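Every chain is named by a letter (A, B and C) in the order it is written, and numbering of its residues begins at 1.
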């Protein structure tokens, strides 16, 4: 194992880096798009159920199938990394769109009514009141989506953009377990680090949730 | 009869919830455990059906130590009503009520039929039978909870703040119905509440607990109001003990003046009756249009109600009616005060 | 563009008897998926119920749930095949192992989320522990439990697709073989069929859920009830609904 690591260090590292941006870009894109989508699904009630349903259908499609349908729809090559990026962005959007909508619905109540009475305009209220209040729920969803994406990137190895997935396919073709094990371990470590990172970010952004209860 | 014999409950961590409690709950009566948070009233209640086990001491029902019986079978013979009803959302109302009969192996069809009968007993319409709990209001759910506790016709019932989670108007209705039901059924009931008014209203015997699980005083509501054992009890029962005590005195001995001739000396108001003799309101000479009554009372009502009616009345007097609603007497608030003074003199002799 | 659909609409591929025909692949895929799910449920459901009811060993349920989520499914499948050989059973083993954490974690969470007042009432009325579990807790927890099973179902279906790379059968073969031979109509056929299968399986399991779950317990679809849910519940629901996320 150690020798394998030593001999193939550069490739492993580049796989890791590729894996990282293949996973994170869709997160950022999906999360960013999910905010307006979720917001609209709340403001326009008839939109809520379709958003949920389409999201559920989308999310039920196996990753490989999704990665291979996208080239046909948008005309890129089968082995383009765009397939993985777009596919994972769609997954993230499908998952988080509903999360944002539900989170916003759940924070409606006395505080938001008070904010409105104070004179907040809708956008300011969204950004300054509702989203911060919904932060725990949003971060929970974000963490789930991130870990999921990191696991799914490796499937991209079958369409030429695998990140650590290349270690899996490489190891399989040669019959070596070492690269596969390294790939699994690194993938899980990456997921763990990202998860912890998000928790820290959440704590940083929501200091009020850390303060203890009444004395 | 339920007997507590030197019962103590200490939780891991050292918290003494109930301290050396010895108490008798008379058969066929409602005994209320009341006190502030942390006084051990709920813990004491739950030791009766062994959902909490005592650290020491014994609890007996009709002479039998509860700890010697199979817990599950013991519980099936004790009705259990809790604050948020705890109905099974996945079962219909009827199946919820029939829970214990089902457990006891009673034929399902029969159990369901009997459950439907119970619905009427607790004041619910038969159409509720096949609804699900989520379709019911809080008050309705609570009634189903009571019906469920009654289904196996247990001699003993435990009730843990059953009416606390509903709004005051609903609560009042539930309490009245509960008293009516108890008058029919005569169960031995242990009832927990944090509300002293409820305790006084419902209890035949009231046991006031102090924080730390000590019994501060046990007695009839009248005794507690008249002779509080110490400052804590007096405080807990509340400052207007005297006024509250009036709820236990009926208006049957109260003298009333005849209706037709009655004129309020202060305002000149007269009582307006309809053709059947029922009171409609007070007519004032100045304004001319009658003002409605705050309410009426009968001979069975208590003096607290009568005093309140007199004070709320625009004419400073309460109107008594018979069972058909026909006015048969008026009493001014001064007359009530004189009556109270006379009562006091009477009791001092 | 029509080229892409050549494979899908070629009648020869739909022969029921053919070894590499679509119905054959479909049957394999569905068969292995359901088998793996059933075996995983056989292990994870009782364990989840036990941990949930007694609330002991919660860290196992939660820990495994988290672990399972971060484990790359593709890697595990290939690892087992390299270790144990290019047969069907290592793949099945991987499918089962991957399906256990989400079912376990969600079953545990489901039992824990049951209304404590109802459980207190059940115990207080004289139900024995097993009766409390099966007559009270499980029926109330059923939507979430089934939710966990549905999640696992989709995950197994997706992983079975990818396993075609390791010479596993199923519809994934169309994708892998098609890619290898640059037969893109085959690839598209595979992608469309797999997607349709997954959607169909999800839909059928939703129907089953409707039948099995008591009307009094169903997740209400109305916006008003959603509004009354606390943020905490929404958060736990988010975590639960996406316990298994590998597709």
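Definition applied: contacts are C-beta pairs under 8 Å (C-beta built on N, C-alpha and C of every residue); 3 or more make two chains touch, one makes a residue touch a chain.
The structure displayed is predicted, hence computed values, not measured ones.
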If you average the CA coordinates per chain, which chain's centre is most distant from that of chain A? B
Identify the chain pair joined by the greatest number of C-beta pairs in contact. A-C
Which chain is the middle one, judged by CA centres? C
Using mean C-alpha positions as chain centres, tell me how far chain A is from chain C in Å, no decimals. 20
How far is the middle of chain B from the middle of chain C, if each middle is the mean of its Cα atoms, in Å? 53
Could you put a whole-Å number on the gap between the CA centroids of chain A and chain B? 57
For chain C, which residues count as touching chain B in their complex? 115, 117-128, 131, 135-136, 139-140, 142, 213-217, 220
Spell out the part of chain B that touches chain C in their complex, as residue ranges. 49, 51, 71-77, 80, 82-92, 99-100, 103, 132-135, 145, 148, 158
Could you list, by residue number, the parts of chain A that touch chain C in their complex? 45, 48-49, 56-57, 59-66, 68-69, 72, 78, 91, 95, 99, 102-103, 105-109, 133-134, 136-137, 140-141, 144-145, 147-148, 150-152, 154-155, 157-159, 164-165, 167-169, 171-172, 175-177, 180-181, 183-184, 187-188, 191-192, 195
Listed in rising order, chain C residues that touch chain A in their complex are 4, 69-76, 78-79, 81-83, 154, 157-158, 161-162, 165-166, 172, 175-176, 179, 184, 187-188, 190-192, 194-195, 198-199, 201-202, 221, 223, 226-227, 229-235, 237-239, 242, 245-247
